[in-house]
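In the two complexes below, chain A is the common chain; its partner is chain B in one and chain C in the other.
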Partner chain A sequence: MSGAELVEGPRDYEATLKAARARAESALREAGISFSVEEGKGFVDLVVDVDSIVKAAEALKNAGFTHVVSVTAVDYPKKKSIKVAYHVTSYLDPEIVGGIVGLAVYLPREAPEMPSLSGVWVSAEFMEREVYEFFGVTFKGHPDLRPLLLIPELAEKRPLRKDFVVREESIYEGVPERVRRG
Partner chain B sequence: MEEGKVYVGNLDVAAKRARDILLGKLKLEKVVDWANAFSLWPVHLTTSCCSTEFAATFGPRFDGEQFGALPWVGPRQTNLIVIEGTVTRKMACAVRVTWEQMPHPKYAIAMGACALDGGLFYNSYNVVRPWEVIPIDIYIPGCPPRPESVARAIVELQRKIRGRRVASSWIREGWRPDRDYVAPKEDYCAWQKTSPLLERV
Partner chain C sequence: MSGEVRVYGGWRDDLGLKVIPTRRLARDVYEVFIGPQHPGSGHMRIIIRVDGDVIVEADPDIGYVHRTMEKLGEIRGWIKPIPLFERMAIHDACNITLPYVRAVEKLMGVEAPLRAKYLRVLLCEINRIAAHLYGFAIFGVFLGHSTMYMWAMGDREVFIQLAEELTGARLTHSYPIPGGVRRDIPQGFPDMARRAVKYMRKRLEEYRKIFLDNPVIRSRLEDVGVIPKRLAAELGIVGPNARGSGIQYDVRIIEPYEVYDELDFEVPVYTEGDALARTYVRVEEIRQSLRIIEQVVEWLEKKPREPIVDESIYKKYPPLHKKILESQGRAKLLPWMATMKVPAGRAIGRGETGRGEIIYYVESDGGMNPYRVRIVTPSARNAIAFKYALPGHRVMDLPAIYGSLDYFPPEADR
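After this line comes the complex of A and B, so read on.
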């Protein structure tokens, strides 16, 4: 922790994000991990390889990112891949409080498997269980990998993958495909 | 009652004869229904976001207690389930278990669009309709319904109990004559039995 004091009240999000991003990038570079950056309005994802993700997580934790806000996944059926992203930040480090950086990894869609990061960040444990039940991503080394919210029969269907079809909205029911697309 | 008459023997038979005399000869049905209508105890079973309005109903501003109902803790001391919104797959198991634990005569109110037919989540994979789980007496539309309409539903339920003699006939017959018994089509607690996914990896 650096010497600066924790400021109360609203913060400049862009500036915090920039500081957090610089901190995370330098930490990964110091650890000798190659990464690529995906960014958009208000978010930064540092994409690393599956093999180096545990090392990257440890480097980020040592750099002050002590807390996982969320673990989530995105399904890309056309690219045949699933992106798993850990959003990390800090409660206490005054420079980066509230700046959320994503640590992401791309996995093959058929058999998505990656090492669990719950050994590094304990707060990732339940969120990894959710990613497991909704997307079917297996986390190796997870202490308790069972469905969290869904019943097992539903979890087997992987309901948040894009090829899981739910009943359509009623305003579209019976409307021809041509009209629906406009 | 005849003087000096003592019931000896089987407790069940004695209880049945006492019940027949009280409800039949002494015409206590009205009293039973009246007492039952004004001692509705909804169980604390919060299934979803409608529960905030349910809590407001019994808060100081809307004061649902004045109608003769007060939320109570355990299912074995309560006789009313207010299903507060969406019922998910896992919650359906809890709803059914709670319903089975309650002593009769017991009633159920379904609150909110979600409890009517799924509401916002009508096409979700994880939502069940509460009327498939337990028999519902009153439905309240709205998302969420106002506390006034919850109070109204309680008043309607009281009217139903007293008008149709629900409580007394339920006690006399041992089952509820004016509606069918809802048995769930599937076992909602089946997921608790072993499944390969539930075992630790």
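After this line comes the complex of A and C, so read on.
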């Protein structure tokens, strides 16, 4: 067994995030992809068009973003859209290691469909299955698109969408109010 | 069985390691279902296809203990998710809830006082040791080494009692709250902690003799389940599994939270990428956590006591609550917190749990509930390693690889 190496640090996360953001933005610009920026605390989302997402993902991958930490989907029924954000970061590039940048798209809520990015980032494979079962987003070209955590019957209901309401259960459910109050 | 079988493996070996090659099969592929009632595997199933007894394909079938954490997180206010989320990994409770609390703090614009930060780190490290010991115990069972199981489970009790002394609960402590922590250290705690540290150092030496340097264990772990550095980065695996493959990554270093940047500790990395390297990383981490506990306890002992919740929250305390906090070191949760509103915004909170990086994406629309809580636990990210690390190995190696990944189904399924 070789002697242990050590992780060098501590590092300044604000500086890392700034570098990662600059790297991602310039990569997208070089690839000729237009994007808008949505700020967050501890990360940044770059929103692109669904047609250019595969090209954008390849550009980020080539710029050093090695893996996906989270495929984050959020349902906005009022805007009739579902946002899917691939939060990516790097393990190998010392300048941007750990800086989280999101590559995001807005999909129509009725028939959300987008190309799978698991061909670019293998680490997205299981997370895309999760978004598929919980939100009903179809990922075209995914090697194995089926529910990950839920049984198929439950996945049909798309439980993380906002119109899936968790019913409060109570042993007194159905008993009229005046009876309950005595 | 007929039809084409996809074969994984064959990753380029960029570390000069031995990677067992797999080949495409012509005939006689059997499907074996391992779990979900496997002794030791616990609530998950791995569907493997074998040629003779060589695994050619593995499909981790998870979700048996899915408990709708993300959905429940959206309907129970901002405080109640804390005791909920810690049920994902009860023996790692502080590590697993702290990033959520920190994300909420970022949105609220509050910060824990310095003393509370030290207290958080203290419990995090106690949890980390307990989680690693739990992992060792299960690992021991997987390898048929029942002494290791007994020893690690027994020694884990030392740290559970330490956590109980600090928080009042053995496992689900619900210790960090937005703006602070719930208890200060009791009288006599520093002495207790020092005894635990001394005891564990001695025990690690004995672990080495009976387990790590045991020729049987070594032959089952060395060069088994190799994940080369490049593959580890591609799969995005986390924690000791990534650090066993030469990935220089630990959230405590990358994004130092609480007071980790003020403490003197090291994060060891091994480059072999095999099951033994992952085991060594964990042993070294226990050693480092012991160092951190010593430093934190000394700091807490020397510095005068101060309120352990944020100024803005402390100001709203009624006199009785202030008295309890000052005399007993207990911070009460105020009723308004159950129905509090958090300013609109998005935040990512993350931390290094015993098993690796955990990420919470928290979105608020300014209401009484989080609009969205996305949780990515370390085991959820490590699950993919089964698919890519198992092929090419014999069925005999499966428990060794599973145990070395320290996979914990309730955490992965959320």
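By definition in this document, the second predicted complex is superposed on the first by the 158 of 182 C-alpha atoms of A that agree within 3 Å, B and C clash if a C-alpha of one lies under 4 Å from a C-alpha of the other, contacts with A are read in each partner's own complex, and residues count from 1 in each chain.
Criterion: a contact is a pair of C-beta atoms (placed from the backbone, for glycine too) under 8 Å apart; a residue touches a chain by one contact, two chains touch by 3 or more.
Only a predicted model underlies this, so the values are computations on that prediction, with no experimental measurement involved.
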Touched partner set for A:125, first chain B, second chain C, both or neither: second
First (chain B), second (chain C), both or neither touched by A:138: first
Partner chain in contact with A:166 - chain B first, chain C second, else both or neither: both
Which superposed partner A:156 touches (first chain B, second chain C, both, neither): first
First, second, both or neither for A:16, with chain B first and chain C second: second
Greater residue coverage of chain A in the superposed arrangement, chain B or chain C: C
Chain B versus chain C as contact partner of A:146, first or second or both or neither: first
A:115 touches, of chain B and chain C: first, second, both or neither? neither
Residues on chain A lying within both footprints (that of chain B and that of chain C): 147, 149-150, 159, 164, 166
Sites on chain A touched by chain B in the complex: 138, 142, 144-147, 149-157, 159, 164, 166-170
Touch list for chain C against partner chain A, complex: 62-63, 66, 68, 70-72, 75, 103, 106-107, 229, 232-236, 242-243, 246-256, 260-261, 266-272, 276-277, 280-281, 284, 345-350, 357, 359, 361, 363, 371-372, 374, 376, 380-381, 383-384, 388, 413-414
Residue numbers on chain B that touch chain A, as the complex places them: 89-90, 122-126, 191, 195-201
Complex contacts: residues of chain A adjacent to chain C: 1-2, 4-11, 13, 16, 38, 40-43, 66-70, 72-75, 87, 91-92, 94, 97-98, 100, 121-123, 125-127, 134, 147-150, 159-160, 164, 166
